[in-house]
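The same chain A turns up in both complexes below, where it pairs with chain B and then with chain C.
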Partner chain A sequence: MSLRDHIGDYRPAPEEARGIDREKAVVLAMFLVPGLTLFAIFSVGPIAYSAVGSVFSWEGFTIGQFTGLDNWIRTFRDPLFINWTNITEMQFPMGALAQNLLWVVIHVPVSTLLGLGLALLFADLTGRRILRSMVFLGFTVPTIVIGLVLLFVYDPQAGVFNAVLRAVGAEGLVRNWTQAPQLAIFALIAGGIWVQTGFSMLLYSSALSAIDPSLIESAKVDGAGPYRRFRDIIWPLVRPVTAVVVIMGIIWVMRVFDIVYAAGGSAGGPGHVYSVLGIEVYRAAFEAPIDYGKAMVVALVQLLIVAPLALYIARMN
Partner chain B sequence: MTRDTRTSTETAPEQRTDAGRYLPADAIPETAPSRETEWRTRLTEAVPTLPRLLKYVLAIGVALLWIVPFLGLFMASVRPLSEILQGWWNVERMTFTLENYRQAWSYSTAPMGRALLNTFVVTVPSVLVVLLLGAMAAYPFARFEFPLKTALFFLILLVMAAPPELVAMGNYNTLRNIGLFDSYMGLVLVHVGWGLGWVVLFLRNYLLGIPEELEEAARIDGASRYQIFRTIILPLSAPALVSVAVIQFTWVWNAFFFPLVFMRSPDLYLAPQVLPLMRGRLQVQWGLVAAGSVMTLAVPVILFMLLERYYKRGMVAAVTD
Partner chain C sequence: MTAISMEGVSKYFDAGNTVANYRLDLEVADGEFVVLLGPSGCGKTTALRLIAGLERPSEGAIYFDGERVDDRSPSDRNVAMVFQNYALYPHMTVAGNIEYPLKVRGIPPDDRDDRLEEVTRLLHIEDQVGKSPAELSGGQRQRVALARAIVRQPSVFLLDEPLSNLDAKLRQEMRSELKRLQNELAITTVYVTHNQEEAMAMADTVVVMNRGTIRQIAPPGELYDRPRTGWVARFIGSPPMNLMDGTRRNGSVDLAEAGTVRFPGAPGNGDGTVSLGVRPEDLSVSAEPPPAGNAIEGVVDTVEPMGEYVLVNVTVGGRVVSAKVADTDLEREDRVFLTFEDDDAYLYDENGELIAPT
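Presenting the complex of A and B:
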């Protein structure tokens, strides 16, 4: 439906239509150019810059010679990026890529299922809005605060988590969870799940509230138990949302930065045991020794992992 | 998909959920039915059955569990360090103090008062500019065909999926070259450029749901495209604009990575940036960290509570399209 289709009805003269075309072009430019200029300079430009820069050598912040895949090969051989020896021995640090993917593998399914569970639990209760808001609250709080709260919760002395362990008689498990090399990453992932469950619950809740209640009523009348009702009515209707929840979860986790930075600084924990890709980019790009080539490669890897998923969402519509 | 959700939530109630359960208008009796049940039966009906009661207990328990860490944060912010180390949940002999807030407000490295002001100075223009430019760009996207439209779409999606780390290197060099590094203006520009993608896509989806006939009528009456935009499009998209404003405000306010990279002078630090510095060296200054955190998170949380409807609806619409 172009503009001309509408105008054609009452102004059919071709020479006038051309004039209107010019007017349309001016209007288009006026509306589009300011926004798109900023978008091009500060979003698209830098991405292209990183893509090009990843195949050049870097002298500090200055671009040097074309070096082909040098940066890429160097990065993939870097134990900070992926540490094959430690992966086979199931020992942290496994490298930022492996740790980030481990985060995806645990965080995304758990937060999705928990979100669905809570959405179903709250669906028909009085006061559900308050209950939902309580669970969702964490998602509106700055993620750096979330990281600091985790530090506080897992603190050996002042932390409530260790106090619970003491209370149930598991004294032996009491420790500084965010600094324990082999366990810290799981403690942080639990924190990520804590935050993101609210988000997936919100999406599932809105999908559930769109379900016609009479459908469920009639299933009840027909004698379908809770499990049958879920499997045959609710699940088919909320399944499309699941794709969105899972993909948004992966995107969220692949750019997780603040929580890890708050808990372990720019090193990503003692001996980089829970470093993630974002942390590696930050350290390579903005802390001495500066390695722009590596930073760009790692950031591009982050994008390459999530880009197909975003396109999948786009194609769904 | 946005349009689908909107139609199903807004028009469906009259069409479907009724399902013929209501009486037609002429069959409604003149008087309201009298209460046939005694108060005793009514009371038993109002009390939930046991499984339902258990469900309530579980639901409230889970919701409380979810906010325990924030409760701890708040308690730590109003108690002295010695009591925090004994456990914030020990409430006997509790001393209430605002000392932590006072210290955080005038924290020596970067006073929280100043940091909060900086955060406002960056956030407000970032939101307003994104709203204006985003709405302007979304309009042609929703109504006109123009060359490269599909390519632009593709780019917007790509940027929405990209991690902020990916644009940091390029923007760092750009801001250095144009002399805006370590300044409010520079950070605002980065936030605007970064936010425009999703805002354009979000508003475009909303505009697609506004019938075009209104604009055609105005067009026949001789209104210019600019007038149509200002007098028809902007007022009609007010709910979507509020959603965008709330979400963008929260994201810019909460942003940690961009300030960390682009703000280097302590007197320009933003509030989220100051918080990790408050940890101190040997013993973590929990009271200070907690007070600073509470001050920082208060703004987005209050905003969320005030405009919850817009926030949630916007969030759902933003990601399900």
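Presenting the complex of A and C:
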């Protein structure tokens, strides 16, 4: 005896069968149109435009002949985009793509771990709100200002960083950090970490405060010391946040522009030593000689790296 | 097996501005089931946390079997605790939760499995071991929390309102099961609750607390028969004891308009303000004045038929006195007389201390 036997020959009406409620669909569309319009004009449109434009030749801002993968090949052979010789010799400049990926490799783990560390440190401290606010302040400051502040911090005469070096007797290390070809990128990454740590600390702090204190106490009673409590209880419970922190970090870093621009102008430092993808797009698109094809390719490369990550975040529960 | 002793233990928070516990003296014998009973905010949970080692006493000392343990961590004290919200680790399975204390203690996997099997059988949760806590019902979670607590054979078993999140039927079931379990395992147990029914049903000894201090320590029967203060009298019983203010004069208590009650047996001859206490179940209600014996006069306010008994609320001199009777045909506004045996009356002095019976 199944349900079918009871229902017999009942056939749902065609519309019902398709599961569509016409009125509901109209209302849904009505609400979606304004948002989708904006999305189409400002997101999908430009992406499609670049995708198409990247396979055409350009005369200034005028689209020319279809050239296939010409722009792509040219860009990937451009040492400003990726410089294989220097990469093998571990010499800067390595090209914007390699330098940008270096940002990811250093910046993301360090800012994530620092954020987690500070969140754990501040969790039970009196005055934690003030401390948290101070750390988070870095994230709220416009990044162009961060770039300018970095210039001051690393200034050879007036800079705090060099003053500290002098104070600890490391006079030999004193230099203009943002202009030192082989070191400048690390100085800038440090600034980026300062910004991103505030963000990751905040996310971890809220994840930590969402943990029921009785779980920690229960683990204490069960005999777990601080390390095991972290490993067995705290870490598994804040792990979902780590995915967000890491991916947001990668996205942020792949789009980094202001800090680098403030420190090194549109060249991305002396001899392009710390240029990043954003800088290359800017220069190709807005500075003579204008190379619109390359700008589009570089922007698309940025997008191809970031989009899957953004998609992953958006689909997370 | 462990005996617990607290000597003059106080706990202050906020640099002494909040007194959670004040000068607690408590002896818990080995294998005893002690219930800390009191209203919310009376400091009973803090007292439990002091025993657990989750809080350090501000003053006083705590001993386990004569050894001072104030500075020892909860795991060194070998206590196990069941939290009000069960505190199951949400990212571990039921088995993972129960085995966790064993794992932390480095017990080999084979032993762990044996003990897991044993304890899950004891608590009838064999079928749940692979599930995550989120998939369990409240009662099952409760059992898992209990299993996690007993699996490592603690010397002291601490429970913080473990049944308060369960529905009434389940609470009753778990109550008897907990008592059975404690009897079988004979682990020294301290149990915190605000529910006097739970306390009376399970405890060997009830510790009544209010405002951070211990008000009375007694077995359930004695607590009911001889509440040492007016506060305890009003806290125990459902509904609690009726206390009527009066003036004591020459061996009788003058209750103003409600009449005068003879109270010959009471010690001391001090006249003054007293409270006369009679439990609702010891009062009889009648429309006619009794030929002899004590009677209090009043007017019926409400009649609550509870099935098992009828609760008659009578207004006596401006306050309501409850009487539990088997059956009644009284109605609101009826003038009635409340009578009771001399032996069933309690007398508290103006400080709320018990005067009689001695």
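The rule we apply is simple: the second predicted complex is superposed on the first by the 284 of 317 C-alpha atoms of A that agree within 3 Å, B and C clash if a C-alpha of one lies under 4 Å from a C-alpha of the other, contacts with A are read in each partner's own complex, and residues count from 1 in each chain.
In this text, a residue touches a chain if its C-beta (ideal position, glycine included) is under 8 Å from a C-beta of that chain, and two chains touch if they have at least 3 such contacts.
Since the structure is predicted, the reported quantities are computational estimates derived from the model, not experimental observations.
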item: Chain B versus chain C as contact partner of A:S214, first or second or both or neither; value: both
item: Touched partner set for A:G223, first chain B, second chain C, both or neither; value: second
item: First, second, both or neither for A:A307, with chain B first and chain C second; value: first
item: Partner chain(s) touched by A:G35 [first = chain B, second = chain C, both, neither]; value: first
item: First (chain B), second (chain C), both or neither touched by A:I233; value: second
item: Chain A residues touched - chain C or chain B, whichever exceeds; value: B
item: Contacts on chain A seen with chain B and repeated with chain C across the two complexes; value: 212, 214
item: Touching residues on chain A, where the partner in the complex is chain C; value: 212, 214-215, 217-224, 228, 232-233, 236-237
item: Contacting residues of chain A [partner chain B, same complex]; value: 1-3, 6-7, 10, 24, 27-28, 30-32, 34-36, 38-39, 41-50, 53, 61, 118, 121-122, 125, 130-131, 133-138, 140-145, 147-153, 155, 157-158, 160, 163, 194, 197-199, 202-203, 206, 209-210, 212-214, 241, 244, 248, 251, 254-255, 257-258, 261-262, 265, 277-278, 281-282, 285-286, 292, 295-296, 298-300, 302-303, 306-307, 309-311, 314, 316-317
item: Residue numbers on chain B that touch chain A, as the complex places them; value: 1, 5, 8-9, 12, 16-17, 19, 21, 55-56, 58-60, 62-64, 66-70, 72-73, 76, 84-85, 87-89, 133-134, 136-137, 139-140, 143-146, 152-153, 155-174, 176, 189-190, 192-194, 196-197, 200, 212, 216, 219-220, 225-226, 229, 250, 253-254, 256-257, 260-261, 272, 275-276, 279, 284, 286, 289-290, 293, 296-297, 300-301, 304-305, 308, 311-312, 315-316, 319-321
item: Touching residues on chain C, where the partner in the complex is chain A; value: 52-54, 73-75, 79-81, 83-85, 87, 89-91, 100-101, 104-105, 148, 152
